[in-house]
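Should a chain be cited, it is by its letter among A, B, C and D, assigned in written order, with residues numbered from 1 in that chain.
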Amino acid sequence: MIRVAVIGAAGRMGQTACQAVEAVDDMTLVARLDADDAIDADHLCGADVAVEFTIPAHTEANVHALLDAGVAPVVGTTGWDDAALERVREHACASGVNALIAPNFAISAVLVMEFARQAARYFTSAEVIEMHHPNKLDAPSGTAAQTAQLIAQARRDAGAAPMPDATQMDPDGCRGGMVAGVPVHAVRLAGLNAHEEVLFGNTGEQLVLRSDCFDRSSFMPGVLAAVRAVRNRPGLTHGLAPVLGLEH
Amino acid sequence: MIRVAVIGAAGRMGQTACQAVEAVDDMTLVARLDADDAIDADHLCGADVAVEFTIPAHTEANVHALLDAGVAPVVGTTGWDDAALERVREHACASGVNALIAPNFAISAVLVMEFARQAARYFTSAEVIEMHHPNKLDAPSGTAAQTAQLIAQARRDAGAAPMPDATQMDPDGCRGGMVAGVPVHAVRLAGLNAHEEVLFGNTGEQLVLRSDCFDRSSFMPGVLAAVRAVRNRPGLTHGLAPVLGLEH
Amino acid sequence: MIRVAVIGAAGRMGQTACQAVEAVDDMTLVARLDADDAIDADHLCGADVAVEFTIPAHTEANVHALLDAGVAPVVGTTGWDDAALERVREHACASGVNALIAPNFAISAVLVMEFARQAARYFTSAEVIEMHHPNKLDAPSGTAAQTAQLIAQARRDAGAAPMPDATQMDPDGCRGGMVAGVPVHAVRLAGLNAHEEVLFGNTGEQLVLRSDCFDRSSFMPGVLAAVRAVRNRPGLTHGLAPVLGLEH
Amino acid sequence: MIRVAVIGAAGRMGQTACQAVEAVDDMTLVARLDADDAIDADHLCGADVAVEFTIPAHTEANVHALLDAGVAPVVGTTGWDDAALERVREHACASGVNALIAPNFAISAVLVMEFARQAARYFTSAEVIEMHHPNKLDAPSGTAAQTAQLIAQARRDAGAAPMPDATQMDPDGCRGGMVAGVPVHAVRLAGLNAHEEVLFGNTGEQLVLRSDCFDRSSFMPGVLAAVRAVRNRPGLTHGLAPVLGLEH
């Protein structure tokens, strides 16, 4: 039985995480912490793993406090840059407490990123379209940006030629934003939640990879898989792909 | 039997038009004109209608020469602005020779524009994604720009509130180009020909309208319908929708 | 101010309808009736219109009771056949109380049906794919069946040739079910709610019309539009299209 | 320089293969054989590899004749069953001449099969929709059937529970054909060529994998990759995935 704490338990993702933990047989929810609660042994109630869904301004401090308390963090809050990840990696190694940080816990989104990485070297062209609800503050999504970077890296590794594009006139900026050399398009539409489509093209053919996350519940299988896996993965694990057994 | 001339008969669209005319029972191909041929009675061989697929630099002069020669033009060349259309309208009315100019002869593309116009007033959000082969010089496509304008006009007529969009950060320009207030995204991908997708969203639902034109043959049913209709439509007809009986 | 009763108020659709009515300024919710409540003046509390979301076994009797009580029914329960509709039409005309019965209140779904009807005569081929959650008991959906019938009727009216189909071997029945001569395919997939895609094809081109209803909230704008319109539409109105101003 | 013969050179696939071989620098086309030509040293003109695109009734005999002649076959003709494959495997091993037989040479189609195999164990539900031109004689396509089998095998290997499906009424057979326990739907639509879509669903999310093969040219990069690889792969290679480096 894995003892789980949820940090940010009153938020929408946190509430959903509490329900998910309570619904499975191999975990028990031992603590719900919210904004005002100190992250210490008193409040963590002997948790083995802590699921952290808070806000970018708090997440890094929370993770280090969890490592100090000997509780393995599983983190879904966004806003982590390379330097912040490196600080967690060092702290995790020094403390012997493992951590997992993932930009997206939805299995379909993780698979689209992984398959895009695998497919990139076989195609002449690649573009990314992400579609979200209109309350989203930033464009493109972190997942779309990471997808573009994975495609770009795979193309570089394969020595791919630049993508063909004869565009000479684009006065309104319709050709999208370039992320690592890959055009990324962001749609904001009432009714949608979080969706991504990756298009690959060769002469005569197209490959389309699409992830639809209709609501928050789509993240929970990935969160549970991460809770189960984190204690067996030394140091920092970044991204859900290795937990799913997709790593090559 | 309708006597048809093709102007620009050696080009790719012109060749396809010649084949299409020859393949139907109610038309006869009486003349194939190319770049060096004068557009006059000698070369037009008694044509009733002339299908014109040339280049933006020549099309307006060709159309006026056809009207002078008493031959009704059906025009698929792009690049017409409002002033040039108005000059043809006046010439057609004065001469009593009808003309039809359409930015797109593919029935699926015409229907997507028409249905987008009808749907626009029922939805909170609307965006347009057009996808073409990477040899295309301009973005967005004329069809996508016209679609955005039709949506914008229908929303104005209905007194629609502005579309919701909370985007605060978009450093790479991923949110697309605004055409008449509607975001338009242009994809250029090897393997594709000419495709358009219009997304409409309300709380809890999405409507998607999509046209795929896989090759030039997709234009020919629309061209033939226009050849059959042009002589019965006084003055200038702009767009294929009225020919298809879609006008309201 | 329109006085509204909800019949089936404890069900999932009924609860959502109660919330929708309470959220707008031009309606007031005067009664919530459930399975055990008699549909009479005492329980209807002076309602002008009653939104009825119950079950196929009860809906027809409920509608006649509402007409007897002088309250205009707006009905979203499925399972109505032509004979039952005719009985309501006669009762409505005789009583001078109007009624509206619609198989689907989602605007995107209504528009897909309407646009499919308009498009059908322009295309060689047409097929319908409906996709729902795996708890659905019947296939195809009522909306998909009605879409197929509208396409078939429009093709008959236009004198369309039979659709081409060279299939000689289909041992597993993969070509779908024929509804009024139109192939219909039903997908049942965890994660989905209610989705429909209509494909039309000509040589060289495809038209795709798609509706995605992600949750029950997608029905409410249509329900509210029907509540506002029913008292001005004498007799029985079948389907939401005329309320949306889409009727030709 | 690889010396290549094409068997079935007058057919549509054969002609396209001849053009593809002639267009690259590392191959030379040494022979074009058609129906009446004997497959022997005289006609094969010293070829190293023979691309075989004929008909199901001839392909097996052709392949054995090529092996006898010491020429490595790369076979795109469909209709191979397990027993026929086994006979080629034995002949290839005994003769020391390699062979490659693939049901589909389009890279996008091969990747959809491979990604479907990888994804299958993570999802509650899976269905396959294949869409082809209406001249196709059989349903489902060989590629769709193989995709269903790969999904079924991966689910068995992972101990997956049966897919949920509450369908009780399906009088017209809209739920598709079961192939190895996976529902497969076949669409036949004017304008289409060869397309496949695989849908995977979990609570709250969907993964879509789609391949569009717009014309025969989409097969040629895969054919050329197979021609380059076959001599280095002892015995029989079945499918293009290992040639693309996708094998695990």
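What we mean here is this: contacts are C-beta pairs under 8 Å (C-beta built on N, C-alpha and C of every residue); 3 or more make two chains touch, one makes a residue touch a chain.
For each chain, UniProt lists the protein as follows: A, B, C, D = 4-hydroxy-tetrahydrodipicolinate reductase.
Small disclaimer: the values here were computed from a predicted structure and weren't measured.
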Partner chains shared by chain B and chain D (touch criterion as defined above): A, C
Chain C against chain B, contact positions shared by both copies (same if over half, else different): same
From chain C, the most remote chain by mean C-alpha position: D
Chain pair with more C-beta contacts, A-C versus A-B: A-B
Approximate Å spacing (C-alpha centroids) for the pair chain B, chain C: 35
Inter-chain centre distance, chain A versus chain B - centres from mean C-alpha coordinates, in Å: 43
Between chain C and chain A, distance of the C-alpha-averaged centres to the nearest whole Å: 39
Numbers and ranges of chain D residues touching at least 2 other chains: 123, 191, 200, 202-206, 212, 214, 218
Interfacial residue positions of chain C with respect to chain A in the complex: 191, 193, 212, 214, 218
Residues on chain D engaged by chain A in the complex (per definition of touch): 106-109, 111-112, 115, 118-119, 122-123, 200, 202-221, 244, 246
Footprint of chain B on chain A - complex, ascending: 123-125, 127, 129-131, 134-140, 144, 163-179, 183-192, 199-206
